[in-house]
Amino acid sequence: MDLSVRIGSLEMPNPLIAASGCFGYGLEYEEVVNLASLGGVAVKGLFLNAREGHPPPRIVETPSGMLNAIGLQGIGVHRFIDERLPRLREAGARVIVNICGTTIDEYVELAKILSQEEGVGALELNISCPNIKEGGIQFGCSLTGTHAVVSAVRKATTLPVIPKLTPNVTAPATFARAAEDAGADAISLVNTFLALAIDVESRRPRLSNVLGGLSGPAIRPIAVRMVWECRQEVKIPIIGMGGIMDARDALEFMIAGANAVQIGTANFVDPFVWGKILDGLTSYMQRHSIARLQDLVGTMDTSAPAAAHA
Amino acid sequence: MIVRMSPLDIDATVISNVRLSADYNVLTLAAPEIGAETEPGQFLMVKPGLGTDPLLRRPFSVFEVLRDDLGTVRAISILNKRAGVTTGRLYTLEPGARVACLGPLGTPFTPPVNGGEAWMVAGGVGLAPFATLAEALAALEVPATLFYGARTGEELFYLEFFERLGVRIVLATEDGSRGTHGRVTVPLETALGALPAPGATTVYACGPEPMLAAVARLAARHDQPCEVSLERVMGCGLGGCYSCVVPVRSPGDPQPHFVRSCIAGPVFDGAAVVWE
Amino acid sequence: MDLSVRIGSLEMPNPLIAASGCFGYGLEYEEVVNLASLGGVAVKGLFLNAREGHPPPRIVETPSGMLNAIGLQGIGVHRFIDERLPRLREAGARVIVNICGTTIDEYVELAKILSQEEGVGALELNISCPNIKEGGIQFGCSLTGTHAVVSAVRKATTLPVIPKLTPNVTAPATFARAAEDAGADAISLVNTFLALAIDVESRRPRLSNVLGGLSGPAIRPIAVRMVWECRQEVKIPIIGMGGIMDARDALEFMIAGANAVQIGTANFVDPFVWGKILDGLTSYMQRHSIARLQDLVGTMDTSAPAAAHA
Amino acid sequence: MIVRMSPLDIDATVISNVRLSADYNVLTLAAPEIGAETEPGQFLMVKPGLGTDPLLRRPFSVFEVLRDDLGTVRAISILNKRAGVTTGRLYTLEPGARVACLGPLGTPFTPPVNGGEAWMVAGGVGLAPFATLAEALAALEVPATLFYGARTGEELFYLEFFERLGVRIVLATEDGSRGTHGRVTVPLETALGALPAPGATTVYACGPEPMLAAVARLAARHDQPCEVSLERVMGCGLGGCYSCVVPVRSPGDPQPHFVRSCIAGPVFDGAAVVWE
C-alpha cells in the first residue's frame, strides 16, 4: 500500500502532518510519537525575531472547538536554526517551517535564511493568522497581497512554498488561484476562523487579545467545503485541515480534494492520535482495495447522496 | 532543564468515587502504570466521556498513588473540586465509568536540600499534590508540616492521612470553624517569623494564585526557599499549544519571559515567578 | 424589569425570536409554547409560489452543529396569508415574515403583498440562504446587491425591513453598513455557514444538495464576533443568532451588540427552551441590577480579559 | 388531519437496561406521563447525556407502556438497536442515568375498520411499535398476526409477549435458523394470496424501507389496506425543520408532495407513499 505524497521536492511517506502551533517545535512530542513516522511536522509560526506573544488567557474552549490567541510566541528563526532544527533533523522529521512576517521583505528574508539550512523540507507562509495585526493576515485577505508575497518568496527559494490560506474570506478558491498563479507548490487551508467569546458575568472577553481563532471539530464541515471549492479551482496539491479527529475525518478531507492533511487541535485531545489515524487509513485502503492513497483525492461522487439509512 | 518520562495514555476505569462534600470528591482510577512513574507535583490530563463537547482534557494533580500490601501500585486517585463542566462530570461518575488519563506530566517538586524541614502550604483543592509529597518526605525522613487552609472546617480533608505519615498539621479556616480564623498565610507568617536560620526550611505551596503570591513573598522575606505549583488553563499538557504560560524571571535577566507551565512547571521557584 | 425591544414599528415584549426555518410557520409549536410570549416568530422562508425543496437527506449532524439543505420547501405567500397568518394573529404572535426571491422585483412584490395584510410585524429579507442558487444569496454576497434589494423593498413598504446577512463573506460589517445606508430598520445575522459533509464509505455527500448550511453551537463564537464587528459599524438594531442554546449564550450576543436574538437549532434540541432562556434573562437582570435589558447591548468591556480563574 | 396531544419533555431516569443481544437492548424509562398519553405507532425524541455532541435528539418508537397491577402506567420502554453514536450510548446506559424524552409525537396507527383482522409485519427493530399495537388490538378483540423477520433466530425477541396477547406468530429469518428461510415478505405473500375477501385485513408494517415498499405493493396487489411506519432522519420531531419529508400522493393529485413524516407520519397509508 502506498500512502506517500509529494509536495514539490518534499516527499512524505504518508499524508499526516502536524499543524503549526499545535505541536510546539515537534521535539516536545518526541517521547509520544516517532517524528519520522509522520508525513511532516509544521513547526510553530516563526518570525525573524523572538516574540513573547499575548498575555494569558490565550485559549478558551467552545462547543466542539477552541479559540486561541497565542500571539505567535516564538524563539525567532535564528534560535530555531541553532537549537531545534539539528535535533529535528536527527529525529528524521520532515520539517515544514511556518513563517510569519509583517512585510514582504521579512517573508523573503526568512525564506532566504531557511533555504541555506539543511533539514528544512518546505516553507508554509502564514498569511492567515487571525490573532495578531502584524501576522501577515493583510496579505491573506487580499488577492494581490497573496499573489505578491507568494511570488516574492517563490523567487527567493527553491524550497516548496506553501501559502496557508485564511477561511475568513468570501471565496477561498480565488486565493488558491492567486497562490497557484504566483508559483506556490501547494496551499494549506484552513487557518482558524476569527471568533469571539465573552464572559457574561464580567462582560469581558475570555481572551486577553479579545478576538481569537476557532479550531477543532466545530469548523470541520466549513473547512471541508473550502477544500472542495479550492480543488475545483487549482491543480497544485492541497493540504487540508480543520477539526480532523480520526481517520474518517482525514479521509473526508482527501475525498473532498486534499492531497495531505494537517492535524492540530486533535493532538491536544489525544497526542497518540497519529498511530490511530494511520491505522485507520490503511484499513480503509484495504477495505476499499485502494493501492495508492492519492487515488482517493478529490473523488467525491456528487451523482447521488449517501443513503441516510446505512 | 525539562525532565520528563514518556507519558502514558490510559483509558482508566473508575474504581470508586468518594464524595467528601457537596463540591469535593476523590476518584480512584485504575491507572497503575501512571502511578508507578509519578513523582510528587506531577499531573494528569484527564477526559471523562466521549464526544467533542467538552473537547479538551483538563489538568489534575495526581492525589494518591495507591499500593497493595506488597507495595505494588494498583491505582491512582484525583482530588476533584467542582468548578465547571468537566469537574462537574467527574463529581458524578460511578464505578465502571472510563476516564482517559494522560500522564505523568510536568516538573515535580524538588526534595529539600541540606537536610532541612519541609513545609507544605495548601489552600483548598491545593491539597492535591501534597499527599504524594508527604509520602516522599516521610521516606526521606524529612520533618514535614502541612499548613492547610479552607473556607470551612468541613472542607478540610485527609487529615488522618497526613497524621499517619507524621506530618505536623496547622489549620486555618476562613469562617473560623477550625484552626486559625482567616487565611492559611496567617499561621504561616507567624511560623516563618519564629524560624531560626534562613534557608533551612523549604516551603511548598499549592492553592489559589493570590495565596501562592503571598506565600512566595513571605518565604522570600524570611529567606527560605519556596516552590509553588501554579494553575493555568492548559490545552495540551505537553508543550504543544503555548496556552499555559507563566511569566518568570531568569537569573541575570531583568526581563520576564513567558514559559510553558505544563513543561517548565507546574512547580516553579516562587522567587522566579513574576506575580501580577 | 423591562425586557422589551423595538425594531422600527415592531414592539416586542422580549428579545427572543424564533429563527426562520426552525419553527415551521409557528403554529406547529402552539402546543409547546405560547406564541404570544415570544418576542417574535420568524416564519419559514417564503417565496411567491409554493416550493417542494430538496429531496432528503436534508440534514446531517456534525460536531455541535448540523448542516441543512431544506431548499426552502414552502407553501408560498398566498397560502401563507390564507391559511396560517389568521391563526398566528389569533395566537397573538408577532410575525416576522422571512421572504426570498430570485429577483429584486420578487422581493418587492412579496413586500407589497404582505404589507396589505394585518398581522405582519416585519419583513426579514433572506438574502443569505446558502442552499439554493436562487435564494437571494447573489444579493447577500454583493454590497451593491444588498443595497439595491434593501432600497427597493424599503420603498415598497412601511413595515420594518430586516435584511438577513450571510456570514460567508470577508467583512459582514460592510454589508451591515450597506443595509443601513439603504434604509434597513435592523439587520439579522447570521444565516448558516456554507459547509460540506461527505460519507467516506460511499464517497458521497451526506446531503442531496451536496452543500448545506452549518448552524448550532459550533458556529457561535464566529457569529458573536460578527455581531460585535457590525455593532461598531451601524447604529440600527442588530438581531443576533447562531448557536444560542441558553440564556448565557443569548446574553453573550447582546453584550457583543445584539438588540434581540433568534433561536434556531436549540429549538430542535429542546422546544421548551424559550421559558428557560426567559427565566435566565430575568434572573441575570436581577443579579446584575439591570432594569432595562437594552442597557446591556454592546457593553463588552475590552479593558481587560475575564479572569481565567473564576 | 394532524392529530396531536401536547408533547411532554421528561428527563427520565433509566430503570433498567436489558441487553437482548450484542446489538439490541430494551431500556425502561421513568416517563409514565408520556406512556399514559401514547397511542400505538407514536414516537419519542430522545437525548441521553449532556453537552452538544451529539447535538440533536433521535426518534424512537414507544415500545412498551408498562403498568402496575392496578393498571397505572409506571414507565415506558424503547427497543434500541445500535446504529451509531446515540443508539450506541443508549446500549451502554446503566440504571440511574438520565434520558431526555419528548413525546408522544406523530400520528398513530389507525385501528382496523369493519371488524377485520390485523396483520403486523415487522423487520428487525421494526418490531418496536407493535407491542403497544398488539395490546390495543387485543383490547379491541381484533384477531392479530405478527409476521416477524430478522437476520437470525437470535434476533427474534419478545415472542412470548405477543403469544400472551393471543397474537398468531409467523417467523422468517435471513439465515433460515428459525421460521421461513428468507425475507418476511415471503410468508406474507403466501398468506395474502390465501385471503378470501379484499379489504378485510389491515396490514401494518414497520422495518427497513425496501421491506415497507414490498409490503405496501403486496397489500395493494391483494386489495388490503396497509399502513407503514417510516424511518426518516428527524431534526425536531415537531414539524419545525422540514428535514423528515416523505413524498406522498394525495387522492386526486397526480403530483407527489413532500410531507413531514414527524407530524403527517410516521404512520402513512402505504398506498399514498411514493416509493423510490
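We just call them A, B, C and D in the order they show up, numbering each chain from 1.
The criterion applied here is as follows: a contact is a pair of C-beta atoms (placed from the backbone, for glycine too) under 8 Å apart; a residue touches a chain by one contact, two chains touch by 3 or more.
Just so it is clear, the model here is predicted, and its values are computed rather than measured.
Student: According to the touch definition, list the chains common to the neighbour sets of chain A and chain D.
Tutor: Looking at chain D and chain A together, the chains touching each of them are B, C.
Student: So which has more C-beta pairs touching, C-D or B-C?
Tutor: C-D
Student: What's the distance between the Cα centroids of chain B and chain D, rounded to whole Å?
Tutor: Whole-Å distance between the two chain centres: 55.
Student: So how far apart, in whole Å, are chain A and chain C when each is placed at the average of its C-alpha atoms?
Tutor: Centres of chain A and chain C (C-alpha means) sit 33 Å apart.
Student: Roughly how far is chain B from chain C, centre to centre by C-alpha average, rounded to an integer in Å?
Tutor: Between these chains, centre-to-centre, one finds 48 Å.
Student: For chain C versus chain D, what separation do you get between their C-alpha means, in angstrom?
Tutor: So the centroids are 36 Å from each other.
Student: Where in chain B do residues touch two or more of the other chains?
Tutor: 51-54, 232-233
Student: Mark out which residues of chain A touch at least two other chains, giving numbers and ranges.
Tutor: Only 56-57, 63-65, 216-218, 308, 310 qualify.
Student: Think of each chain as a node with edges to the chains it touches; is that a line, ring, star, complete or other?
Tutor: complete
Student: What does chain B use to touch chain C in their complex?
Tutor: These residues of chain B touch chain C: 51-53, 83, 208-209, 231-233.
Student: Hey, which residues of chain B end up touching chain A in the complex?
Tutor: Listed in rising order, the residues of chain B that touch chain A are 4-7, 9, 47, 52-57, 100, 102, 232-233, 235-236, 238-245, 257-258, 263.
Student: Show me the residue ranges of chain D that touch chain B in the complex, using the header's touch definition.
Tutor: 49-54, 85, 89, 94, 96
Student: Flag every residue of chain C that touches chain B in the complex, lowest number first.
Tutor: Against chain B, chain C makes touches at 63-64, 217, 308-310.
Student: Using the touch rule from the top, collect the residues of chain C that touch chain A in their complex.
Tutor: Going by the criterion above, the answer is residues 55-57, 62-65, 67, 141, 168-170, 193-208, 210-212, 214, 216-222, 224-225, 228, 243, 248, 251-252, 255-256, 284, 299-308, 310.
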